[in-house]
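Some structures are shown below for you to check.
Below, subunit A partners subunit B and then partners subunit C, in two separate complexes.
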Partner chain A sequence: MKLLFQLSIRNLLRNKRRNAMLLVAIAVAVAGVNASNTLLRGYQYGMLESAINNLTGHVKVMAEGYVDDPNVKHSFQLNSEQLPQLPVGMVVGWADRLRVPAVIMSERETRGIELVGVDPAKESISFIGEAKIEGEFLQGADDGRVLVGKELARQLQTAVGRRLVLIAQGADGLNRERGYRIAGTYDAEGTGLEKNYVFVGLNSLQALLETEAVTELSVRVDREEQRLPAKSALRAAFPDLQVKDWRELDPQVAEMFKFADASLFIWFFLMMGALTFGLVNSLIAAVMERVKELGMMRALGMQNSTVLVQVVLESIILMTVGVVLGTGISLLIYWSIADGIDLSAYAEGAEMVGVSSILQPVLLSEDVFLVAVMSIILGILASFYPAWRVIKIRPLDALRR
Partner chain B sequence: MTQTLSLPVPTKASKGDTGLTWRLAWRNLWRNPRRTWLTAGGIAFASLLVTLSMSLQQGSYDAMVSSATGFYLGQAQINHVLYEEEGKLEQTVAPADELRRSLEQVPGLHVAPRAQVFALASVGQRSFGAAVVGVDFEVEQKLVSFFDRVTQGRLPVDEGEVLVGEALARNLGAQLGDELVLLGTGKEGGIGALALTIAGLYDSGRPELDRSLVFTHLASVQNGFGLGDEVHAMVLGFDEIEALAPNLPRLSRGLPDNAELRTWQQLLPEVVQSIELDRISAVLFYGSILVLVTFSVVNTFIMIIFERTREFGMLLALGTRPGIIMRQVQAEALMMWLVGTAIGLLLSNLLVGWAAVQGIPLGMMEEMAAQYYMPSRLYPAISLYAMSLAPLVLLVGTQLAAFFVTLRVRRLKPVEALRAE
Partner chain C sequence: MTDPVVICRGVSRTYQQESVPVHALRQVDLTVYPGEFVSLSGPSGSGKSTLLNIVGGLDRPDEGSVSVGGVDLGELSESKLADLRLHKLGFVFQAYNLIPVLSALENVEFIMQLQGVSSAERAERATAVLDRLGLADMLHRRPGELSGGQQQRVAVARAIVSEPVLLLADEPSANLDSSTTKDLLELLKQLNEEGMTIVTATHDAMVMSYALRQVHLLDGRIEHDGQTRSA
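On to the complex of A and B.
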């Protein structure tokens, strides 16, 4: 075996120029696949992040009927003892909210929005916890001021410190109307959220609507897969309520998420398909120019399987070196764009496809590993045909060439 | 390799014999048919892949644009210059009737006036914020698909009727025949109010619209909110979107003061941008595929040149100038390219042609597609651009590959070359 290995390496070195070209091609293919994987993963994770941040969380508990009719009627009482004990490190945070449709009026304009009562201390799990604020953030669950989106403030032609009137339906079905001062405006990098959500202290909203209930409990876990155990635990803790994970709440994004997984493979096979033509070609040339010597060795008693092993070995060595080079190049590419690619020129388009305006590449070691393994397997498969061609020639004919 | 020498001894007379060059190139290619097939196969694979996906891409963009514009916004709109920015009630286009009549002179153009006011919509004790849009239902149906989505009842017929989204009706606890009260601010600052009977419910497939838009006759909104002969948007559309561009100068001529024409590119920047984003990522993809294939062509030519070192040495010894040998190899590269692209283009035209008739069902992805304004079947666009770009890039690639590889011929010393194995 050691001998075969040495022979393969020597054979590869016999034609440096051709094999160097081939190595470059393999490296380009591997680097291309890896680089695009990091972008695709970045896109996928960005999409997930936006979906989770968008007040969804990984898992959400709601009353039956709230999704179809977001009304304060469809709410539930929450006491902290009810929260299930989840393993330490699994839950990043949770937030209970009271979220109802409302009408907002400035002196000049009227808009329909969603009014969200929050405890600001718990909102590190959603976009509002990280948003850039002009003015002040809400100071606590008792804060009786509102935080509005920058875009909404612009449309309402109002500003921080001014007053707004909000109309929403109370627990008894009657409308409540109250004036609120604007504590601050938030910038959510995209106008969709800014136009829709107005935040207020949870206790203050509960007082207005005369309820002690909340409409949702949103839970954020550390890793995406952990949503499933978290979901079962929450189901057990809240048997009368609906417990859904983000994939159920946002099926379109979930669909895109799965699609991105599939695209990784599509990409790989297209790129490697293009590479295979060149690879097979070079391997054939490499064995055909040695037909004579291989014929001699076979005439002296070398077995066909040994010939096969040798050709396969050459292909594996070539592929491995190519994969190492390509992975190295892709790491360089990754580091050069690791800060993220600025798509803010396409912010609205990016928002439409569900990503934020900075595309942050994500390098997963399992992706790199998968590409490497699949490339080497492909190298093995590609070497069968050339090996078969050589074996098919009878040693005697080969010697006469 | 002991083939007979296939290049003639060039004399001054045979130098211009291009027919011979081509014949020889063709024969040289088939000296090693397997290698030629594999290289041409790579070229075919790349040109098939790139032309096919470019056609699909263009087809999906066209579909996206036509369903996005045909959904609700129209192909172009005339608004007050500040309406998009500020959306104020008083930012209207007037006189509406006269403008509409003059626009309707343009052949094939549908003109739909809309007036839109934010109001508090109540049924009984329950209220939600909503925008009430006054429209001309008859022309809207010709222009956009939105009004085909009535799920219960029918479109409003007389001025006291209203069309409400299913989601809003559910939230309001309202049913067909109930009275919907709309309360808002009138143009002159007073209170504007309407009481309308719910004639129909719609489900547009977009919950956020279903919750926030109610539709009634234009005149009701104009009267109820003190708007007179004014509208907020004049929505324009041709049966075929291609008719828009050539008519633009005519449409924007003679607009009232403070009014401006905006095309779908301005109305739907997110569609334009997501197309742009998709284009950029596709360019990366095409680029890498083409580079890969070019590398494999380079490799093939390296093999060809080394294999024939002795043959070239002989020719040089006989007095052939390096330029002629190089020309010969270029011709071989061209032929290789021809075979590859011919196969690639044949396959891709067959596939595209078939798909253009049948459409490609998006299947599982339908729901997702709907969000991006995509129909359930995708029809690729057939265009010369999509069909020619990849082959042209590959042509340049193969020619350059052959050129750089054969530069070596110039440095070849006949005597040494003849001795090469």
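On to the complex of A and C.
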């Protein structure tokens, strides 16, 4: 093996210019794939983060029928002892909420919204916990004021400190109406969120609707991989309720997530497929230049399989060096854009659905590893044809060339 | 009498040259015994190289049988033929055919590496052979840095380092001047005197004069086969 490795390295050095250009092509292709992967992953995980932040969480407990008819009659009593003992570090946080459709009225405008009763202390798991607040955040679950989205406030032509009237259906099916002062306005990543959600203290809303129930328990786990174990534990703890994860609650995002995964593969095979043709071409040239030499080696007793291994080794060495270079370049690219790319000039549509206008690249080590391994495998496959071309020629015919 | 190294019986070989059959060999019988120095001579197209290639397992006859070192080549697969060439035969080619990216020492070690010989033994044997052939100062030079005669000596070193049963040389002097050819032939003579069996295909009269036995071919047949000088 040492002989073959030695021969391979030296043969590669025989044509420095050609192989240097090939190395650059491999490095650029690998860097391009890795860099685009970080952006695609950034978009994918940005979408996921937005979906989870958007009051969905990783897993949610709800009463039967609430998803189809988000009404206070589809609610449940939450006993804190019901919460399962999940492993330390699995759950980042959980929040119980009372969430009902409502109508909001200012002096000038009326809008349909979702009224969300929250305990502010628990809302670090959702977007509202991180939103920029003008005015004041809700002070507790008893806070009888509202937090309104900045865009909604603009539409209602109202401001912090002014009063709004909210109408929602109570537990008895009768409408309840009450005036609320605006504690603050929030600026979320998306105007869609701002126009849809109005927050109020949970206890205050329960008092208005004359219920002690909640409509959802939202749980956020530390890592996506913990979603399914958490879901199983919650299902066991709440056998009479519905437990769904974000994929079920937001199937569009789930499909987009899967689509992004598929896109990564498609992009990889497009880029590396094109490179492979170039590699095959170059290897054929390199190998056919040495037909006589390889024929001589076979005449002396080298097996065809050994010739194949030698050609494959050359390809592996080229690809490995190219992959290492390309990975290094892609890391540099990643670090240069690690703070994110501001797409706000182009991303109005994304903001409407709550996706951030800052594209934050995400570098996954498994992506980098997969690109490296798949590239080398492609390099190995690419070398079979040139090696076969040479082996097909009889040693005697090769010697006569 | 000891067993022959080479036995060819009724060997024929025909090539197609632009749909015209060329009878390179016609019913050739040849036996080579251990320690012989045989030259296969004849004009171009007489079949001498074809016969040498068939004996070396690089080509297969269309008719007849060939055995080398007691092994019938007709029963061997391509892989087994390669194995035979590696372990039992030594080749010296007209164009030296050294590996350009390996040094003289590495070229000689090449065969032993294929054979699986240990690193220490390879280095020792290769160095000894090159030293014997007067190339002790050229061990680390690549073929491009050697003269034609030096390259041919490296090729001979490569061919004999694993002590083959049979040394085959195809036009070994073709690219050498007369002085270098003489040096090469003195070397081959010395090896033969030590017991190596040599078969060479040549049209060079000087080479023929060194051989103990001349087999002259014409139009694919053996025209003359006899001793030329005493051992």
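By definition in this document, the second predicted complex is superposed on the first by the 397 of 401 C-alpha atoms of A that agree within 3 Å, B and C clash if a C-alpha of one lies under 4 Å from a C-alpha of the other, contacts with A are read in each partner's own complex, and residues count from 1 in each chain.
As a working rule, a residue touches a chain if its C-beta (ideal position, glycine included) is under 8 Å from a C-beta of that chain, and two chains touch if they have at least 3 such contacts.
Model, not experiment: these values are computed from the prediction.
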**OP:** Would you sort A:Asp240 into first (subunit B), second (subunit C), both or neither based on which partner it touches?
**Re:** neither
**OP:** Using the superposition on chain A described above, determine whether A:Arg298 touches subunit B (first), subunit C (second), both, or neither.
**Re:** second
Original post:
Which partner does A:Thr306 contact after superposing on A: first (subunit B), second (subunit C), both, neither?
Top reply: second
**OP:** For A:Leu343, select first, second, both or neither according to whether it touches subunit B, subunit C, the two together, or no partner.
**Re:** first
**OP:** Compare subunit B and subunit C by how many residues of subunit A each one touches, and report the one with more.
**Re:** B
**OP:** Check the residue A:Gln252 against both partner chains and state whether it touches subunit B (first), subunit C (second), both, or neither.
**Re:** first
**OP:** State which residues of subunit A lie in both footprints, the one left by subunit B and the one left by subunit C.
**Re:** none
Subject >> Complex contact set, residues of subunit B against subunit A >> reply: 34-35, 38-39, 41-42, 45-46, 49, 86-88, 118-120, 125-131, 167, 170-171, 184-185, 208, 211-212, 269-277, 281, 284-285, 288-289, 291-293, 295-296, 298-300, 302-303, 306, 364-365, 367-368, 371-372
Original post:
Which subunit A residues qualify as touching subunit B in the complex?
Top reply: 17-18, 21-22, 24-25, 28-29, 32, 36, 39, 68-71, 101-104, 108-113, 155, 157, 167, 169, 173-175, 196, 251-252, 255-256, 259, 267, 270-271, 273-275, 277-282, 284-285, 343, 345-353
Original post:
For subunit C, which residues are in contact with subunit A within the complex?
Top reply: 53, 56, 58-59, 78-79, 82-87, 89, 91, 93, 97, 99-102, 106, 110-111, 113-114, 158
**OP:** Provide the residue numbers of subunit A that touch subunit C in the complex, in ascending order.
**Re:** 2-3, 6-7, 10-11, 13-14, 292-293, 296-304, 306, 394-396, 399
